[in-house]
């Protein structure tokens, strides 16, 4: 169907591999026709704003799943970060310092998970499941179960503000996406993540510090989850005691839809972003179409399945 | 530390490998000392009753994870099964027929997932995540979002009754555990599950019908989830529109605690049962010890982590 | 079934992996009782051809005939049923199972529990495995999981597996690659014994002396195409090696 | 560093895997410029010893000295730093990366983006990889992911990787097992060239002719113990093979 | 006075239930009662297991906030059989015996909120119903109350019924999209305060808050009260979770010492300035 030279061009190949991209385009075209006001700047921003924290959580999963890990604690760490930032602001810290310290805490949380997994050798699943419990609990304890108001305008602007007409959180997510794309695509440590996921023994024998790098992946995951948590808190000007709960499955779903493998070594930033966009577009479409809440999950499940199947068909036919 | 012949005895080996067993024993001993009324028949039954549906869901995960799959829909299928049984009883079907048909529906649901995964080649994660959404939604639709009363005493006895002084649901779970243990331990297809998880290509080349057997694993998972759903409904004499929600992670946690690998080919029925018992014992202990709800998850997470670490230390020292 | 039909016949077999053309227009006949050496440089397509004959890969084009009748919808299961046993180069053993389980994988011995439930006859299989290994002069820790064996020991498991079953065609893709000196001789003897009892053998190897010791016919693949075919006694090592390289040079 | 110390010295090395005693009391000295053939039957412990020297396995007991100084807390990274390159029998390549990435894995060439950010110099690595392969007379599709290569091609990648770096000790565990005839010769030549330039080489192989062609010294392992050691010119193939088997018989 | 141990079983640990918890805890402290608090995570099976465990623990009294009116019947019956008195808080089970029931009427709350909106819209306009978690009894009852009023107003168009899952973020994200889909929206009915707060933020961001009338079923928390004071939310039909928790403990304490009392908790109507009818 395509001349061989063209087919081996890396970018084209990536697009062909991403049959899911076509599914996404079809989804958008479909909604443009049937959903009122789907094609509007406000709605585009609405989708992107909803996608922003999800994209950040998806990046967490991307990075740890590349090394054949999984992070179930991303949502909990996001909520935890918001609570810490809010508490510190309540205690009088200026918002930038509170935010930085909260992000540091998030990164520490991730690092701790990474160390337990890679040096104490508890499985990724168990460690981060425990992390999910522990950080959710800490959030409840910190907030005393009540939403904490955040009055720092600078902080809240991270969730509500605009820059050049585009909501701040979209800029933030885009920036992190770019950083991760450069990391994975251009640096040695980025490539080492793929090597570890592809063949951990080979990576170790090649002299890659497998345990250190895997721990670092979890540290990054903590940080990115923390940034998502800051956005979530800023968006509502509140640290919600239950913020981020239940976000782990959507985050994993986003990257898996985007072609990242749970078994490690396969996946791209673009896939993760695409997966997150698909999920938030579906949710947006469901509201615009006013699908009854009883049916929303049904439609969501079917659409995800169709999208992934379509992506798959594309791939098979190109073989 | 142990003579070599002894160490290679399969049963002893299994126990040594299950360092988690020791963690469980320690947990029980600890709670016996500190938790009021922990050592009592009522409490033992309370733990076992609590564990029964979890064990059934853990068996689902065990079987699909042996073939390197995962089933996120087990909780949703459990709820779905209860709703179908309740609806049919409402429509006048005798309870045994309603129950059998509901279980058939559960098995069909599992089979459908298996077929999508193995013949249409959508990944296990995505398919069962879609299944989770779809079957949750169907349950809401069937029940119209309202809990449905179940008045059939025979049905409710499955959850409330006793046989020889032991609650019926414990018998049911024990029976299924036994069946699965025999299946995995003594039959060819049981061993083939391990082979597929160990090396899928090798299994295929050895003439094992990989796709068929993997689909069958999902069919079993659906059935076992359905039985869990019947127990849950009978226990409450109600088909709850949200029954089973969120049970997928505890089910997976149970088997992973019990030493089952997410990457396939490793794990045992006893590990799955043990994992489920550990989880329900922890929850029981938290209530008896009156841990504040803000702290319950914290303690739960820490105890799980400690238990698994302990299991791991045992294993390392035996090397 | 025509009496004088070759055991296996390939017609115009081709195989693509995406953009890679691994095999083109391969015609091949295999006759009972012969030892066919399938030779070629690295990446020539030998293993790909082997996998097609074993049912592990579907060809992209072409036809296969077994004992004169066309085979279609072919997979390893059918291959076993038709009497084709294969030792794959990339062994593909179930690392989490023990030696006996691997030898019998997919074709387990069963006994009846309670008179009707079919259960695995583990002890019997272990016994049989031990004697099969003994026949091949291979000594292995039978209860160890295959993932804990050395490279050569794993290969021995794969060889024992293929040798155990009564086959009409045994395909060996570099069976002696990691194998010790003693076992190497045993395998060559095995090949000769198989051929003598009327079994066809396809042997892929890079060890030229072995070829002249056991093979009756030689086929050389070069870059996915058949470059040379002939009786062993009519070919010299020099000519064969040149075919492998010349094919390459003329293509490049 | 004592001038006349051996490059590498092992003292009383032992290795257990659970109940399996893979190596016992191994003493071994390796001298710069020699080619040491490490021989033994399947499961004798050769690969285990190789992995210990390469830092991939920690020994259960014993000590290692490199150029006279004791090495401890040893892993493959240190091994590289000390100039030890290894071709493992179970290749262990990153199947999802391409040939050049595998050759440079862990020691990538970098350039500076914006003058300070270190990024991968992919093009340079690909160029270097191509010329390294050319030196070895190996032809490979460079952009293909290693998982899509044939068995011999993968092995060639591992060989190119080990040969590329300036090493003091190159360990080759059955490097020619799956390798074509032409490349086989190239590897033997490579070994001789390495030795000539003062590099020590440990060669594990089951191909006896290769041993007498390139090795200066022979060590035979039998069931995890050293059964024979000597200069190649002082040993006959018969004696070596007997050591492998006799050791076994006397133990059994 | 004897030292009692009470179990308080909450259906979840959202802010609303956390308020019940703190009300009950402060009352228990005052009375010298030991209070065991459990979180049912919105799961009936979990909660009924907690009941089992507390029965085994031999508590003196159970304060149950059932996750579900029907599913908890067997658990309540078990408590009855074990002669442990039961008090219902906020919701009740449809069976079993309880000595007291402290709740505000969810159906009535929904009806009052929507009646207010109907009056305010003069029987005509576009309404968005921001629902709670699908299948939760609070959602079902509050929606039923609202629907029972709206059926008398054929010119009030319910242009969207969407779930905000009782969370602030849910209210925000759904409201944002509903505002896009319905440029002529007049009013919002929110089934809890958290979602209403989220909806207010979305409306503010879209510059549409001025044209919207928002009524909610609140819990009287500070954040909600503030928005009502500012006039951003027109009506809060406020339940009083802290009062419920405290009264439940007090009644149970009295019962164990004397006899039973049923104390209906009045709904607290909190109007924005100028909205009082």
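Chains: A, B, C, D and E, in written order; residue numbering restarts at 1 for each.
To be clear about the criterion, a residue touches a chain if its C-beta (ideal position, glycine included) is under 8 Å from a C-beta of that chain, and two chains touch if they have at least 3 such contacts.
Note that the coordinates shown come from a computational prediction; the quantities given were computed from them, not determined experimentally.
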Minimum number of chain-to-chain touching steps separating chain C from chain E: 2
Chain whose mean Cα position lies farthest from chain D: E
Of A-D and B-E, pair with higher C-beta contact tally: B-E
Cα-centroid distance, chain C relative to chain D, in whole angstrom: 29
Distance between chain centroids, defined by C-alpha means - chain A, chain E (Å): 33
CA centroid of chain B to CA centroid of chain C, Å: 42
Computed distance of Cα centres, chain D from chain B, in Å: 47
Numbers and ranges of chain C residues touching at least 2 other chains: none
Touching two or more other chains - residues of chain E: 13, 21, 134
For chain B, residues that touch 2 or more chains besides their own: 8, 140, 145, 293-294, 296
Partner chain D, residues of chain C touching it in the complex: 17, 20, 40-44, 46-47, 89-90, 139-141, 144, 148-153, 155-156, 174, 176-184, 206-208, 241, 244-245, 248
Of all residues in chain A, those that touch chain B in their complex: 68, 70, 72, 116, 120-123, 125-127, 129-134, 136-138, 140-141, 144-145, 249, 252-253, 256-257, 262-263, 293-302, 304-305, 308-309, 312
Contact footprint of chain E on chain B as seen in their complex: 36-37, 40, 42-43, 46, 49-50, 53, 140, 143, 145-149, 156, 159-160, 232, 235-238, 240-243, 245-246, 283-284, 287-288, 290, 292-294, 296
Chain A-facing residues of chain E, complex: 13-15, 18-19, 21-22, 131, 134, 159-163, 167-169, 172-174, 176-178, 180-181, 183, 194, 197-198, 201, 205-206, 221-223
Chain C-facing residues of chain B, complex: 8, 186-188, 191-192, 194-195, 197-199, 201-209, 265-266
